[in-house]
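Have a look at these structures, which come just after this line.
There are two complexes below, and they share subunit A, which is joined by subunit B in the first and by subunit C in the second.
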Partner chain A sequence: MIKKGLDIIRALPSFLTVVVMTVPILCVFSFAMGVDGQLWQRLWATRIPALFTSSFLLVAIVTCTTLVLGGILAYLVERTDLPLRRWLKPLLVTPLITPCYIIAICYVNFFGINGLGEKFFYALGWEITLPAIYGFWGTVFVLTFGTYPYVYTIVSSSLHQLDPHLTEAARCLGVSRWARFCGLILPMLLPAFSAGAILVTMYVLSDYGVVSMLRYPTFVNAIYEQISGRYNYSTAAALSMVLIAVTVLLVLAQGMLTKKKYYASVHMRTKGIVLHRLGWLKIPSLFFVAGVLVFGLLLPIGILIFWFMQSLHLSALHRIWAMSWTELAHSGFNSIFISSLAATAAVVLALPLAYASVRRPESLVGRVYFFLSQSGIALPGVLIALGLSLIFSRTVPALNFSVFALFLAFLVHFFAQALQTSQAGLRQVSPKFEESARLLGFSPIRSFWLVTRPLFTPALMTAWILVFLSSMRELPASLLLRPAGFDPLTVKIWNAASEGFYEQAAAPALLVVILSLPLIFVIIKSQGKYTPSPESN
Partner chain B sequence: MKLNNFSTFLRGGLVCLGIIFSFNDLAVAQEVVVFSGRKEALIKPVLDLFKEKTGIDVVLKAGDSAALGQQIIQEASNPSADIFIAKESGSLEYLRLKGVFEPYVSDATAKIPERFKAGDGTWIGVCGRSRAVIYNKGLIALEDVPKTLEDLTREQYKGKIAAVNASNESFIAWVSALRIYFDDTYVRNFLKKLKANEIHLLSDSHTDVRKAVGRGEYPLGLINHYYYHLQREETDPAVTNVGIVYLDQGPNDRGEIVNVSGAAIIKGAKHLKQAQQFIDFLASPQAQQLFAESNFEYPLVSGVNTHPQVLESLNCSQASALDCLHVMEVNLDRFGELLESTTDMLDEVDWH
Partner chain C sequence: METTNINYQINLRKTVKEKVLVRCKDVRYCYKSGNEEGRHWHLGPFSLEIYERELLGILGPSGCGKTTLLRVLTGLATPKTGAITIADRIVFDETLNVVPEKRKVGMMFQEHALFPHLTVRQNIVFGIRNWQRDDRERRLYELESLLGLNEYLNRYPHELSGGQQQRVALARTLAPKPQIILLDEPLSNIDADLRMSLAQELKSVLKQTKTTAVWVTHDQTEALDLADRIMVLNDGKVEQVDTPWNLYNNPRTRFVADFVGHAVFINGEMKGKTILTEVGTIDYLPCLESFKKLEVMIRPDDVQAYPYDAGIGTVMKRQFLGSNQLYSIRLPSGQTLLSNQPSHINWPIGTKMRIELKLKSIVAFPKLK
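For the complex of A and B:
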């Protein structure tokens, strides 16, 4: 009896966490239920079919392109004699340092009639007409270069760990190279591909910045427009409900596709890999990799630096609009402040849930909690902002549009990152250590503190950094929930760039990139260790 | 980088949580909180000048008028904003009807003409703007540019016009004005005809429209007049080859719609004195001058001249553009009650 009571008290923090994580979504849902039938009818007749097609098409194509691009790059770097591959391997992850919407902002101005690109080529003496980047293919282009690293990192680490003896054995048995690739390597990489695909799908489905910058209508920007442009949330909530349904369907579908098979090799040997000789393909392959780096990293950063230099000597009329250094420092502080707050809270709250899921995997309640508390990651920031706004406006209006609301949005949105990372980290700490401490007479909490914690701290750091980075780059919730006088960097970038003041957007954008840079490399270094394995998704 | 000490970690978190809850109380007495539906870049010079002149700090939240309006309505019992600035009178009227504004009349606001402010003193117009058509001189000749509203739906302009979508306030107000002047059936048909004529709805921002026309992506764009002048200010000579046409300007024509961007004090404002100072400042010749100079809008106070470039584009020899422009006669204060039904109509015709 006493034990049971204790268990309930112990489960309370986890329970509260789960409530915080799920209530915003439930709130959107219940609000959408109250939307009148006439509005539904009109939406089904006008907007929903088109948005459904456009969102779905974008997700499908970008997932395919990133799988192909990420897969080819991983293969080139891991399994061929591509020159410089040791250098290229970490470099190919670097497009992640520039948030996708910043890439979009750069390319909107680079491409098109009279764009920066045409001027650049004109200065070199070539008169070239570059097409505008707006619309479907432009969006696919930007999102592909912005998100292929998700696929690339997972597939290349999986390829790296693939046991070469298996392919060796197949070769000895006379299986042709093509058949070896299709029959052996591809199926073994399937979990890695599907993990990458899920990440890309989630990203594309929740993206606001790129699709709005490139004027491609999806559910997310339609919902955002409704929230920001109307005095009534009904349409926003109705569209949100459809989007939630689409998301759930996609996640389930992908789960079904990949649940079937999972391969593992007991020995992890990387010696004795026979590299694929590229031969005459060497130079084209090198150009291909260089092209990816140019479009994903160098060009956007170059454009930002170009704008930044221009912003230093703007005409008097434009200078008056330019951002001052104190303002830049102020919003930089806001970004760091709110992101570290969210990251710290996420890590602290993730701990008990992760602990329970690893140490007591049989508990059904634990598993349900674990699943529910991850819902935030699957849903766009726009939806979470809408949910929180609905709750606060009905309960504590003073908290709506506050630093606290923004903090909560980040926490709900990125909690799953902290949870998955700390879970993966905890898995690597054998329970035996802790059991020994218990046997020596230490209390559970003390033995956790003394034994598990030190081994576990690096994983927590990674979790912290992940949430910090995501929060610092988050756009739609920041736009919707910030209080007056608390503009994070992303809002500064967006407010300037959406009005076409690209030079003024350059300084905050570069600051985001610079702040991201060291943290992303910390994450890449710990990549193999703490990325959630596909089965835990 | 490494944070091995777990208790530092926890302590840091607690300190941060402490800060968060005290954050809202750090209010400084000498400040005024401004919610602006006008884009930050288009209001910043005026805010800076106000700060310089009075020493009062301006805390700004720039965003979409409707989103800010929602927030003001929700916070009615405990407002965080002191001032609301909107791009056009529809949002101001809508919020006035919701009863969230504090009336304020002073010598300064008395100088604003009656037709450009609320009868009960709740909001004032700050500067005027009219609808207009921007065209790319390289792609279309002046004589081929549409001259009337109905021209826009003609076959020859199929796929050639760029415009904003239903999320733009000025556009919503324009449609409301047409609904007042004509009737709903006429306006709905007009919008449908424009859609059938393959009008390109770029985004919710007129800046995108002016830039697209300037770059030569489209020959024609529907804008507010000052976007034409802003396009001419671009530093790159390749994109400034644009012209402007005001529709329906013949002696017997119905004229262009003129709207105002305006401001109001929020009921229960925490910095009422400063807010009143701010409103007086907006109506002052100095601020009016700045709006006219930096953003090419029509000053509303007599004695402040319209920007010479604006006058030139109108062939106007008067001091105020409003004396030359043929203005469509509609009451600005009806835009508020029509706002929601107008957005419904735009959704119906799928203006997205």
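For the complex of A and C:
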């Protein structure tokens, strides 16, 4: 009895964390419940079917394209004799450093009549008409190049760990190459593909920047419009409910598809892999990989640099968006300040929860984890912003549109990342170290401090970096919740770009890209162990 | 299921009363297993006394609860019922549960669990970091000269070989002078050719430092060789606690007879005052009269065999063990006997054999239906 009580007291801070993490969404829920029936009817009759179709279509197509692209690239890099594959392997992750909405901004101006692309080819002496990128296929194009690395990292690390003995065994049984591929390698990779697909689905469903830049209507887009343009919280909440339902359905559906298909064959034996000889396909494959790198990384960065060079020549009069160096430094500081605040809080709060769930999975706190880990990251930033806005406007209006609200939005949104990463890190540290320390006479807390903490610090750093970068790159919540006079970098980029002053968006965008560089190391190091879901919307 | 060797009468336990260091009384541990059937696995209830300066071996097949027993002693696992006393101090009963760090029980983990971020020196002094500097240095010096560690003090655990890691782990465990140390399969990840010499080294260090120790192993030769007394565990139950000699020669249960040493059982029938078996009669056993059918334990050393054309046995298999050979000899009824022979003997398979039993002690169990 006493032990139970103690357990509850110990679990209290964790419960508070859970409450903070879930209240915004619950608030949206309860608000949507209060929406009157007529509005629901009107929405069902007008908006919802169209939004449903367009969102669903986008998710389906982008998931397919990323699976194909990511899968092919992973296979080329891991299992063929592609030239330069050791170099290409990490390079193919790099498109992640450019947030998708920045890629979208670049391509909106590059493609289309009188765009940067046409000017470029004209300067070379060719007159080519490039189609505009707005609409469905443009969105698919940008999102594919922006999100394929999620699939690529997971599938390639899974391929990397695939035991070569298995294929060798199949060869000895006389199975042909094609049959080996379809009957053995693909099914073994199914969990990896499914994990990648879930990440991409989540991403596309919650994306705001790309779809609104490319003028493709989705749920998130519509919700954002209701909140910021019309201040119509009822419609926003109602649409959010539908979006949550769609998200849950899609995740469940994907879970069903790959139910009970977990293959454990982790031998980490990379010797003896027989590489697929590409033969005449070698050169086309190399071009294919180069093309992916050009569209995913080099072209957007090149465009940003080009704009940045141009912006240096702008006269002071034209700097409407006040892109002076001091202004840039100021918003840079804002971004770093709020992101480090969110990252620190997330790591500190995640630590006890992660510890309890890894070391004492049967405890009360351990069980709560499952609930938490599933929410948060799965839901769009727009929804979290909406929930916080609803709470604050009813309770403490002064906190609405404040640094605190923004901080809380980031914390709620990215807490799961910190939790998952610290969990993964803690699993690597054997509990025997701590037990040894205790038997040598140290209290549990001191044992943790002396032994587990030093071994666990790298994972905590990773968690911190992930949350920091996610917060720094977050767009819709920043747009919705920022207080006047506190513009993070993302808001600067967005404001300049949506008014068409692309040159002035270049400097903050490049700064975001440069600050994102640590991400690459984190993802390559983790080899798909952590959820590589570092950017948002 | 429980079959008892009724012949177990001669108690060879030392009559000299030694000081009891650890006393477990009716300790029962329930293992909350995660499996779906919800089957609860129990260790015990068992009672156990560990004498001062003794080396107690715990022997049993994997999964029998050996490691759990150690964890119960350390306090890392909490039993459901019972009481544990260490050096006249109650560390566990219904009302009290002393935390592991206060029990002064040292433990060497299976994979040594050396702290990977600390050097050998830091690992060894980890448990005595609160001591006075001079005392600490003296203790470190004692241990490094005892275990020959002076060359490695500034290395990290991953730079050491298995044997070196083991010495460091022992030094770390001994450093705070625990009342008792527990060794969980200390030789499990050591190469086979090094194992025996390292085992002897460990034992001599334990004896030199007059340490009371509990040594867990699943390897019977290791246990028979090293331990003063051995506790045989099977599926959470204590089968027998005894000296190695008694365990081998007077196993109390069928399981112990089977598990310790090579033994075969042949059917016997009680006839008057003797047991009739296929290979001859065995003398009178006073306490087995009430049983009709028996199983008699026969060790390979007890079987004498000679090639003989009219013999009843046939050589079926031979296992060459280096210094000796183990011959499997089939009897007409299909039962098989094992016979230990010197390595120079060379009987081809199929040779007919005459067999004589030279039993030193008679161990028999009632035959199960």
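Criterion: the second predicted complex is superposed on the first by the 501 of 537 C-alpha atoms of A that agree within 3 Å, B and C clash if a C-alpha of one lies under 4 Å from a C-alpha of the other, contacts with A are read in each partner's own complex, and residues count from 1 in each chain.
As a working rule, contacts are C-beta pairs under 8 Å (C-beta built on N, C-alpha and C of every residue); 3 or more make two chains touch, one makes a residue touch a chain.
All values reported here derive from a predicted model rather than from experimental measurement.
Of the two partner chains placed by the overlay, only subunit C lies in contact with A:R438; subunit B stays clear of it. By the touch criterion defined above, A:F295 lies against neither subunit B nor subunit C after alignment on the C-alpha atoms of chain A.
Contacts of A:V451 after superposition on the shared chain: subunit C is touched, whereas subunit B is not.
In the overlay built on the shared chain, the residue A:P518 is in contact with subunit B alone; subunit C does not reach it. In the superposed pair of complexes, A:W40 makes contact with neither subunit B nor subunit C.
Within the superposed three-chain model, A:S430 lies in touch with subunit C and out of touch with subunit B [touch as defined at top]. Comparing subunit B with subunit C, the partner in contact with more residues of subunit A is B. Residues 454 of subunit A contact both subunit B in one complex and subunit C in the other. Residues 42, 46-47, 112-115, 132, 212, 215, 217, 222, 225, 227-232, 235, 315, 317-318, 320-321, 337, 340-341, 344-345, 347-348, 393, 397-398, 400-404, 407, 449, 453-454, 457, 460-461, 464, 479-480, 482-485, 487, 495-496, 498-501, 504, 518, 522 of subunit A are the ones that touch subunit B when the two sit in their complex. Those residues of subunit A lying in contact with subunit C across their complex are 362, 430, 432-433, 435-444, 447, 450-451, 454-455. The touching residues of subunit B, when paired with subunit A in their complex, are 1-4, 6, 9-10, 12-13, 16-17, 19-21, 23-24, 33-35, 39-42, 44-45, 48, 59-64, 66-67, 69-71, 73-75, 77-78, 80-81, 94, 165-167, 202-205, 207-208, 211, 214-217, 233, 235-236, 238-239, 294, 339-340, 343, 347-348, 350, 352. Within the complex formed with subunit A, the residues of subunit C that make contact are 32, 74, 76, 99-107, 109, 111, 113, 115-117, 126-127, 172-173, 175-176, 178.
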